[in-house]
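Please see the structure below; I have some questions.
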Amino acid sequence: MEELTWNNPAIADGIAAIRTGSPFVYGLTNYVAANLSANVLLAVGAGPAIGAAADFPTVFPAGAGAVWINTAALISNPAEPLADAARTAHEAGSPWVLDPVAVGAGATEYDAFVKSLLDHRPTVIRGNASELIALSGGAATGKGVETTASAEDAIGAVEELARRTGAVVAVSGPTDYLTDGTRTVAVPGGDVRLTQVTGAGCSLGALIAGALAVVPDALTATAVAHAAFATAAERAGARTVGTGSFAVALLDELSLLGR
Amino acid sequence: MEELTWNNPAIADGIAAIRTGSPFVYGLTNYVAANLSANVLLAVGAGPAIGAAADFPTVFPAGAGAVWINTAALISNPAEPLADAARTAHEAGSPWVLDPVAVGAGATEYDAFVKSLLDHRPTVIRGNASELIALSGGAATGKGVETTASAEDAIGAVEELARRTGAVVAVSGPTDYLTDGTRTVAVPGGDVRLTQVTGAGCSLGALIAGALAVVPDALTATAVAHAAFATAAERAGARTVGTGSFAVALLDELSLLGR
Amino acid sequence: MEELTWNNPAIADGIAAIRTGSPFVYGLTNYVAANLSANVLLAVGAGPAIGAAADFPTVFPAGAGAVWINTAALISNPAEPLADAARTAHEAGSPWVLDPVAVGAGATEYDAFVKSLLDHRPTVIRGNASELIALSGGAATGKGVETTASAEDAIGAVEELARRTGAVVAVSGPTDYLTDGTRTVAVPGGDVRLTQVTGAGCSLGALIAGALAVVPDALTATAVAHAAFATAAERAGARTVGTGSFAVALLDELSLLGR
């Protein structure tokens, strides 16, 4: 399978394009992950705004370079602003990322809402293996927000999900797999501590949105975010011990990528 | 009074049991403390999920190894999901931790709700001296989320609260006191900067839930969390200057405990 | 124009007064910035409580040394508790800070609510140039939560806003400008990475509230917060590379100011 890493010039070019373009990226996410997600985008030069204050979800997605919607935003929002933001992004032609956190973990009312967002045609869907297997119609295997399946187990399901929805689908694991349903690429690397820092996966969804705002091809944009994140995590992991320092170093390395 | 510290093998055994068992721990907490609380649990190997999205509070507590409810979750949730989660945990036999943040600080409607959660029989109640004195029916002495009473002042009140509710009750201070109403133990140590990092006390509540998921005896589980937290804080304090670095080092030391 | 910096004894005296007085400061803010804002206040010795749980907004502002209201709190709160807190603070004579995040960025319903809070007479209004130009009635220029105008561009508008509202108005930029409508002072310094850490500006609003709780003159209190923040940022910037370490060091330096 084709591999994409930081050594591929398209990856560094994508990060440079974010720094040059400084796109406005709008997100609805949950309060556990919001701070890290905003800081990840700021570290690469994007301008994030987060949250469903008043008419933000019916106004900001149309003017944003890209949008990300993490359905765990429902921990402090009703469903309506998420649907509004997805609809507005789709109708305005703003690319948007769906992060279906914890879908398939047993909360059926939540799962039904997450699936309803597919009507608004996300540009990219990202998650862990359990989430994406569940979203593609497979058996539910999640344990809260954690996966019990491997990314490799999910390749068939994510390819099917991509073909059915027209979205690029990206599954995270020790090696990440990204597909548009026809072409599937692997992004190796990262650090195991990414699973020990809350919101790290969520912040990758935000970073995908940042790349979508400046890189026209959705599969390439998704690879830019995944490979940049993996490289920053490797560099952070090489110089820290413990999970707290790792999270700080991850932001440092993202802010220094390509400089 | 009996003292429990990291030197007691039961403490390190409890942390090792969390790492081995990787329990799913579900929490409803406030957005100021949520990120640190999740990272504290991840640092010791638990798998936290936080928040009242859709049917999470009526589904997740039954399947979780333990649950923690920080009543300051009301800053972004209505009361109902907190009551749902407490009821579900109690009925399913999942141990749960009540953290009655700011009770007794003057907000009477809030205080009444906090007290109503006692109907769902928390396994452990943790807080500062002002909060626990207020919850036990004593005079209100809180200043916002801070205590104006000492942990030593609260020992009688927490013992009475433990006997009345059947919960283990833990009061935080320079030395923490933990009681089931009959047996009271002291956990010394920690670092004064724990009071200068927002959500540190709240994250201890999450850690107690992590221990309850794998340690059968509630008083022992509570001691595991308190003594591990105190030791990690001491180690973090010894190698940092300033409150920002201390918080990062606290997570590092938790992630390295027993390794 | 008069400059105020850390070298002015009034600045260090103000920070020392916060440490001595340990004022209770109550805030309604957004979940992206809440953690950093609380930690900034704790770093200088204030006791923050954040959020609209139950009757907090109708009770806590009256007993607080000062209050800050960041209107992006609307991302997880209805409008009512913000109006309640502003009204209660004003009626009780508690000084309060208005931070009109993202006003003028295109969300007209949001903007109308932000402007309605001026009826409750904020003691200080702080923001970036685009926000304060919009609030003073000028053309909308914001891009999400970021400014597209310079602080220097906004000086006339903020002086007019100060005269019209009776508030001290402070605009942030590479050099900050603070005015009561008659006297305008400059606070130079800081670090460009303050714009690359989410919630940094919001946390400055919280710090202004901390100073207002102990420094009688509102313009002086606002200068204390701005100059302390700029100095801490410079010291943090001088010893870190990358945005993650900078944020940690900012808290460290605030916690060490004047020690």
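Which chain is which? They are A, B and C, in the order written, and residues in each are numbered from 1.
Criterion: contacts are C-beta pairs under 8 Å (C-beta built on N, C-alpha and C of every residue); 3 or more make two chains touch, one makes a residue touch a chain.
Computed from a predicted structure; not experimentally measured.
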| item | value |
| --- | --- |
| Angular offset of subunit A relative to subunit C [C-alpha, multiple of 5 degrees] | 120 |
| Interface composition of copies subunit B and subunit C: same or different, split at half | different |
| Length of the line joining the C-alpha centres of subunit B and subunit C, rounded to whole Å | 32 |
| Subunit C residues counted as touching two or more neighbouring chains | 31, 35, 76, 247-248 |
| Subunit B-facing residues of subunit C, complex | 24, 26, 31, 34-35, 38-39, 42-43, 47-56, 59-60, 63-64, 76-77, 247-256 |
| Subunit B residues touching subunit C - in the complex, by the definition given at the top | 30-33, 35-36, 71-72, 74-76, 79, 102, 105-110, 113, 143-146, 195-199, 241-245, 247-248 |
